[in-house]
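Some structures are shown below for you to check.
The two complexes that follow have subunit A in common; it is paired with subunit B in the first and with subunit C in the second.
On to the complex of A and B.
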């Protein structure tokens, strides 16, 4: 494995050629925001984005996904029997993934793919994906990735990492999957040591540009009930309107609901993204609701990311510092402040 | 469990038993459609399943039958919302699905060689029934010392499994203390009084004992101090919790209490474990 070099303009030819073997997704601008879309034949690959509004999470965990199907038609001998829906998992390239979003997939892995239970759809989709990352030479002002075990050129979860060297791109192969892709794409020009050095400089510069820092060192040792009963939650929750934007956009939020839908006797069992910010999330049929109040739900969101996940998996916090929730919260609730409050309690 | 942990296996409703006089509780006796599913279904008392009604959804319901009862599964369902209401209107012979067994179980290994005190209230007696039938089985009875049961409901007509309760009353290898909050039946042969009060009268020692406690929150709240008074340590008090659930396998993120998923790390917790967790259930 090594570093290859290609002209910036060549990237799209390479990706287009790879469409013969893979489905290729790239960030595409629509109105003011970027999102991952299939690469169209005449489309230019645009690398000028800061980050997509939504991470690539829907490519692994679709916002709405059919799990099973069934028929209620009594004439069928399989009436009422729930069956798997046929699905295929074509190999996919996701190009232009930011390192934070790749790391987020890593954090989710322990949830969807663990020794006891494997979520078959998540695992198969994740396995069928090859991730081409794009390092952040110009991190955004709300990012704080370097504080949470990530960074603008972090490699975890990626198969290839691209360094933007101005005229050209240096492609660092990180896995065998990535290597195979570079071969298929005909990227075979080795980067010389000068270019490798430039790549390292780009990385160091980018890391220095990250101006937001949050403390996380004491979260692990804190007592969970001290944090749970901390006096600051009412203040943190005060302005929240429970819109769910934060959980919807967060690359490390994964909660989902399961519902049945029936049209003319033919049914599907479907899973849909859900959010701990909604009161229905925990409502029992009896009317009892352990998180009936807004402050309980806000606390759940932050406690899950910064304490429960930390304790459960010894894998760091469940936040990659992408800054999406900070940027898009309509009432400016800022997780960086909550990091401070919790760590310094 | 099938290879896909979300996929229910099909079962037939073999029998429906109306348990209570208000008809709000029915027991569903289910038989497997496929033999492989039956062979794969290995469980311990305290576990639960997701009952799947195609077109309506899935609900977590405790296993009321014991692993010592072969060839069928029992679930006792309280009529409350969408799925439970629909289930109550189904007929014998209908096809539904089951996913499981799910969750952990009562700590049978630890309870070996000990006295077991079973305290139940209302319709939360389902998995306790499973446990009692399990312990009374000739193969298992010797593994436990005294078995004492305190079980109460609001009125005689609201007690579950009445015929079995009467049979257990007659045995000498289990001490039964059945109680009702109130009754106007002058020939009522058992206790009258709330579960915590009867517990206080009947359970006088915690020596070498574990207590399995399931019931409405109010019952648990008043039973706990009674047990503590006779010396039960938090590690000797075992409870089963209910949280709203979906996946039942610790993936969908719905049912956490602190860092524990009630569906996978629970639903059975000792009071000692619960004391360490945020009080949010």
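On to the complex of A and C.
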């Protein structure tokens, strides 16, 4: 494993060549924002994005996923038998993933792929993916990745990390998967020590550019009930309109709901993203709702990310500092301020 | 618009000190350029955080329904019309409110500015009466506000507050544009198939986050039809049929009540022009019933009114 070098313009030739073996996803700009979409033949790979509006989360945890199928037709011998829906897991390359989003996949793994439980679809999809990261040379002012165990050139979860050196890209191989991909793509020019030094400089410069910092050091030692009963929740919650923007844009939010949909006796069991911001999220069959008020729901979101997760997994906070919720919350509820409130209580 | 801040602050301070109101709902400055955050203030000493600029797109009428206190509220022309709708629909009482009306020259659409900058990050924004100065690393642009207004503000015919107790500034001149619905006419001219395609494309990126619904003051139902689980009216997936059902029903629930404040569109995290649904219904309410929502706190919306002289025979 090592550092290879390629001209910027060559990246799309490499990715196109790899389409023979992989499905290739890249950030594509449509309607003024970027999302991960399949690379089309005539499309130029555009590396000028800050980050995609939605994270790559849906590629591993689709917003709606058919899990099982069944029939209610009594005449069928399979009546009421729930069968796994056919699925395929083609090898995929996701190129242009920001390091924060790759780290987020690591956090999702805690839930979907752990010694106790393995979500077969999540695991297979994740395994079939090769992630080509693109370091953040121009982090934006809402990003605070370096405060939450990540960084603009963090390597966790990635197979290859690209450094933008102006004319060319330095590709750092991080895993065997990445190695194989570089070979297949014919990227075989070694980076010399001068270029490696430039890559280090780009990284150091980017880390220094992160202007937003949040404190996390005292979250672990705080008493969970003190935080739960903290006086600031009403103020934090007032502006909240209880939409799902923060949770759906968040690369680490993993909650889902399972629904049966039946049309004329034929049914699907579907897993959909859910959001702790929605009243239905906790509604009991009895009609009782333990989180009937928005203040309870918004508290849950922050307590989960910044306290329950911290206590349960000893793995830091459930936030990678990507800044999406900060930038897109329609009422400017800023998680960085909540970090401050909770850590300094 | 920033010129209103001092007057808003002074009025807010006075009504809290004199106990005319128990609390005040306004805006404070956001943590990023071009953002603002709705804030609730109970103490006159805290009124110095009140803020106003051309990015106060959230409709504060959204925070009123079912509140019992005496409330001071800051509202633009369109927001005020929503307050009037709330009063008509018994969501709040006029005598509970002290309304600080904001004569509005239009809200600036931050997404249009971001689009102009093609991904370059805005670090600082300042505004004067007609201009917005946008600064970032290595650039500074002076933009004409008029070129970056929200789509609803471009066509707004009611910039001044209709009911108020105090004003944040002098009344502004209303526009005399005769055709506020030129864009709707373009859609009306499409064939059925083309229309279906247009609306299907429009909502293609919808994530069902419900930001449009939740930013809307009209959506105050205790349980929205999409959140009903027994029976469940709409599927929860992003199946295009369910997503379309949500958008069409949401729009119909707003028929004759929508003031085109644009909060839905501004709140959408994936830039869907959701007003394309509601505006046709606004136009119909005007064409069929001569009704524009919220112009008075007495007139009920056309779709919950019975009149013996209704022009439709089936209802007479």
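For this structure, a couple of remarks:
Assume the second predicted complex is superposed on the first by the 345 of 345 C-alpha atoms of A that agree within 3 Å, B and C clash if a C-alpha of one lies under 4 Å from a C-alpha of the other, contacts with A are read in each partner's own complex, and residues count from 1 in each chain.
Heads up, the rule we're going with is that a residue touches a chain if its C-beta (ideal position, glycine included) is under 8 Å from a C-beta of that chain, and two chains touch if they have at least 3 such contacts.
What you are looking at is a predicted structure, and each value in this text was computed from that prediction instead of being measured.
Look at subunit A after the overlay: subunit B and subunit C fit there side by side. When the two complexes are overlaid on their common chain A, residue A:259 makes contact with subunit B and with subunit C alike. By the touch criterion defined above, A:276 reaches subunit B but does not reach subunit C. Of the two partner chains, subunit C is the only one that A:142 touches; subunit B does not reach it.
With both structures placed on the common chain, the touch criterion links A:203 to neither subunit B nor subunit C. When the two complexes are overlaid on their common chain A, residue A:103 makes contact with neither subunit B nor subunit C. When both complexes are overlaid on chain A, the residue A:63 reaches subunit C alone and has no touch with subunit B.
In the overlay built on the shared chain, the residue A:308 is in contact with subunit B alone; subunit C does not reach it. Judged by the touch definition given at the top, the superposed model places A:32 against subunit C, while subunit B stays out of reach.
Within the superposed three-chain model, A:126 lies out of touch with both subunit B and subunit C [touch as defined at top]. Centres of mass aside, this uses C-alpha centres: at subunit A, the angle toward subunit B and subunit C in the superposed model is 90 degrees, to the nearest 10. Superposition on chain A leaves subunit B and subunit C with their closest Cα atoms 6 Å from each other.
In the superposition on chain A, the residues of subunit A contacting both subunit B and subunit C are 257, 259, 283.
Every residue of subunit B that touches subunit A in the complex is listed here, in rising order: 3-8, 10, 52, 54-58, 80-81, 84, 94-97, 217, 242-244, 246-247, 249-254, 256, 258-259, 264, 276-278, 280-281. Taken in their complex, subunit A has these residues touching subunit C: 31-33, 35, 48-50, 53-54, 63-64, 138, 140-142, 235, 238-239, 241-245, 247-249, 257, 259, 261, 270, 272-273, 275, 278-280, 283, 326-328, 330-334, 336-337. Those residues of subunit C that touch subunit A in the shared complex are 30-32, 35-40, 58, 62-63, 111, 114-115, 118-119, 121, 123, 205, 207-211, 213-215, 223, 227, 229, 235-239, 263, 266-267, 269-271. Those residues of subunit A lying in contact with subunit B across their complex are 67-68, 70, 72, 79-82, 84, 111-112, 114, 116-120, 224-225, 228, 254-260, 262, 267, 269, 271, 274, 276, 281-286, 288, 290-291, 296, 300, 303-304, 307-309, 311-312.
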